[in-house]
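One chain, chain A, appears in both complexes that follow, with chain B as partner in the first and chain C in the second.
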Partner chain A sequence: MEVVMRADAKVRVESGTESSPRGPGCSLRHFACEQNLLSRPDGSASFLQGDTSVLAGVYGPAEVKVSKEIFNKATLEVILRPKIGLPGVAEKSQERLIRNTCEAVVLGALHPRTSITVVLQVVSDAGSLLACCLNAACMALVDAGVPMRALFCGVTCALDSDGNLLLDPTAKQEKARAVLTFALDSVEQKLLMSTTKGLYSDAELQQCLAAAQAASQHIFRFYRESLQRRYSKS
Partner chain B sequence: MKETPLSNCERRFLLRAIEEKKRLDGRQTYDYRNIRISFGTDYGCCIVELGKTRVLGQVSCELVSPKLNRATEGILFFNLELSQMAAPAFEPGRQSDLLVKLNRLLERCLRNSKCIDTESLCVIAGEKVWQIRVDLHLLNHDGNIIDAASIAAIVALCHFRRPDVSVQGEEVTLYTPEERDPVPLSIHHMPICVSFAFFQKGTYLLVDPSEREERVMDGLLVIAMNKHREICTIQSSGGIMLLKDQVSALTSVPVRTGHFSEVFKDYLVTKRH
Partner chain C sequence: MAEVMSVADGRARAARTLLNQLVLPGEELVLPEQEDVDSPARAGEQPLLLNATARARLRVVCGPGLRRCGDRLLVTKCGRLRHKEPGSGGGVYWVDSQQKRYVPVKGDHVIGIVIAKSGDIFKVDVGGSEPASLSYLAFEGATKRNRPNVQVGDLIYGQFVIANKDMEPEMVCIDSCGRANGMGVIGQDGLLFKVTLGLIRKLLAPDCEIIQELGKLYPLEIVFGMNGRIWVKAKTIQQTLILANVLEACEHMTTEQRKQIFARLAES
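Showing the complex of A and B:
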């Protein structure tokens, strides 16, 4: 019997008012995750961050075309589909970033000459899309039972013109001076991937990275809680 | 990835069960699976679940120059994508036949039936019209893609609001949602596709085939109808031969089409935007 688990979390680094989605300073938007919602993929997950929602499906380890096979490890493929229009260059570059992150954690050597495909569908985009895609991909890989050396999560920071740091920015807040997205692993919060856009100083980069590492703790705690809730029922 | 072949014993089992009027999920011959419609945060975004088949629909609009031979009409563009998530066999190069067939059927059902008033999409005749783009993504394939896709398309179109415009001579002012409330599209009627699968050369018939049933079927008849029992499109594929009486008997079966419109109204009323 499939068990569909819905886990919700309201995370605040600082307390904020209930009317606004986040308080002053750094805090993440409300996030939610649902696993095993599609019957065909081996693993699937839907991750919501505020109004941004991404659906991920994983097939694997499965048959791979001879042209794409790697003799000693699994071939990882990531496909990102936008909601409107055909996928373009921006999607290709985001796919590459997600693939590099997944390749760093997935134990491909356990499944040589197979393919692991992660398909991501943008359901709604309200800022921090890449981070949401990373989180959805991680939850879907866990749901599929793909062996990994660590979990990973994505965190986006925006630096506005006054130098204020905003975690998990909305679409409007992403029009800031600089937007940085990091992928962090769960074991030691090490940096797996970073992509940045805009102008920022070295000190600001360290500041953002530290804030992202602190926020990632909350996300990993949320992963753990939602998985515990899911498996304690069955 | 290649499609896993259907084993002979599974095929025999399904056909024998259909002969005995039994379906794998316990439905009757004319029973539809449960339909669940949920909406997203943007206007024109909806997800339709027909049993386990899941389709995401999104409508968007853009001001463009009209087609030369239709200078006073807006443009409707439909795009159904079979995402690789839906089934392992849906690889980018591999599903062109099915994709073309589904897209064409969707176009005939929605564009040729004139359910959307394209004249109302005209802003300046000959220069600026609205192009309404409907993107549908199949997320999970458990049979009967066309029905789920047609429901998603028409529900998303009903849910969609385009920005308000005002024209003064040659100047067009586009208002943001904050300045003026967005305007819904003008929709005359809501056509939906209903699929009938035929087995054993037309002897047995099932409504809303699931994925396993689709694998063993001989032919498929798709009828697009609205709640006024007006037929928008009929398509028969697979080479099964049907009598005229059989087809007209089937067109009266989707009494459920009236039911669908009720379902939509409920959802649209509860979604107060």
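Showing the complex of A and C:
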């Protein structure tokens, strides 16, 4: 029932298609994913990126309160619980970002007047939390069998004061000049959602996006291997 | 057999090459007949067909997990791609996925729990997004004067007559001829438990060894609902619990482990 998939995804992604020289190549941290580990939700997944770990559970398509129902598509709800303390405004805004990403990908029109709830619990936070939440949410939605038009993943980039690009930054590396998080889809690596904090030029934005798209290929390959492992057992 | 596969935008693959393999949401599948049409190598040299009807489009049925998108199939769930070739037509393609949540489908036989009685209609919980409605007249031999004896909390085995995404599902306990055919209120005692939908499909497959082995073990009554619910009843409570545990564990066991367990139970 539990398939633990560890991938040593130490990927060296060469950024630097620009004329100005960038620092050495970027690498993603070690990934691990486990599916169907909770018995109550319809789908669940745990995603580990380095030391950052998020547990996701999906309930749906289930009953919805009349006040929240939408007549022609499913109502998607995302609940993000931090490791300590009560959820606050930051969690609310992250929930909205994750919900917008999921709504772009989930085929809600197939289940009108139902609700699909994604519950995310932060188990440990060591940088790139939003990207880890997006990956866990995607794996949990796949585990629950919710119809989707594509898979999606999250990638975080940090730009430090010298202009070096770091993919999948740790908490310490996130205290950089700018931190950008992108959600990309699996079909053509198109951008589904982006949230950024800090100071950067538009050339740097394009570079980060290109690096994130290259990194997302590795994440999708990891998804495929993880799911292949799961379905090969049956 | 080297086939020239057309990949118009680099990501659509032939359905034929992916049979029984894992497919992920977002992948596009090209049907066999489309491959010939799109193949660039043969564009200039179409053989002259004397029998024009031979190339008539076959009707391909798009099953669960697949959606039609243009003239291709879009995969919407993760699982193994399967194909069944019937006598006529192009066959059925579907994705075999592992799921716990049930979505009502017309014609499915399910086990429901009566949760409310309002006027002439029972509300039955079938595990979907909303309760199904069951009219009191939809039982064998039921008339306005002769009402069926159904209480809140009873188990009902019935089939869906209306089940689509836009309407509330409706179920009945008679077939099209008016006979019960095994449907109706499920008797006293026994145990109802939940398993995944994939396990139910496996157990209901034509030649499933698990059910035959179970029958040899203890005499039992068993009802499978396509919504993931199984009701089982044996002579004693202990036997019932053993059967329930064995069925729940069947999902994760290999054939040898299962045979070992059955052998051990048969001895004791």
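The definition used in the following text is that the second predicted complex is superposed on the first by the 210 of 234 C-alpha atoms of A that agree within 3 Å, B and C clash if a C-alpha of one lies under 4 Å from a C-alpha of the other, contacts with A are read in each partner's own complex, and residues count from 1 in each chain.
One rule holds in what follows: a contact is a pair of C-beta atoms (placed from the backbone, for glycine too) under 8 Å apart; a residue touches a chain by one contact, two chains touch by 3 or more.
No experiment lies behind these values; they were computed from the predicted model shown.
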Clash or fit (per the criteria above) of chain B with chain C on chain A | fit
Considering only the touch criterion stated at the top, classify A:Gly43 as touching first (chain B), second (chain C), both, or neither.
-> second
If touched residues of chain A are counted for chain B and for chain C, the larger one = C
Name the contact category of A:Pro169: first (chain B only), second (chain C only), both, or neither.
-> neither
If you stack the two complexes on chain A, which partner ends up touching A:Ser124: first (chain B), second (chain C), both, or neither?
-> first
Pick one for A:Glu63: touches chain B only (first), chain C only (second), both, or neither.
-> both
Kindly classify A:Gly85 by the partners it touches after superposition: chain B alone (first), chain C alone (second), both, or neither?
-> first
What is the contact status of A:Gly154 with respect to chain B (first) and chain C (second): first, second, both, or neither?
-> neither
Taking the superposition as given, does A:Gly108 touch the first partner, chain B, the second, chain C, both, or neither?
-> neither
Just how close are chain B and chain C at their nearest CA atoms in the overlay, in Å?
-> 5
Using the superposition described at the top, list the residues of chain A that contact chain B and also contact chain C.
-> 62-63, 115
In the complex with chain A, residue positions of chain C that touch it | 11, 22, 24-26, 65, 67, 74, 76-80, 97-101, 103, 128-130, 165-166, 198, 251-252
The answer for chain A against chain C in the complex is residues 1, 36, 42-43, 60-64, 107, 110-115, 142, 144-145, 147-151, 185-188, 223-224, 227-228, 231, 234
Chain B residues touching chain A in their complex are 1-2, 40-42, 45, 47, 52, 54, 56, 58, 60, 81, 83-88, 133, 135, 137, 139-142
Mind listing the chain A positions that touch chain B in their complex?
-> 38-41, 44, 51, 53, 55, 57, 59, 62-63, 79, 81, 83-85, 115, 117, 119, 121, 123-124, 126
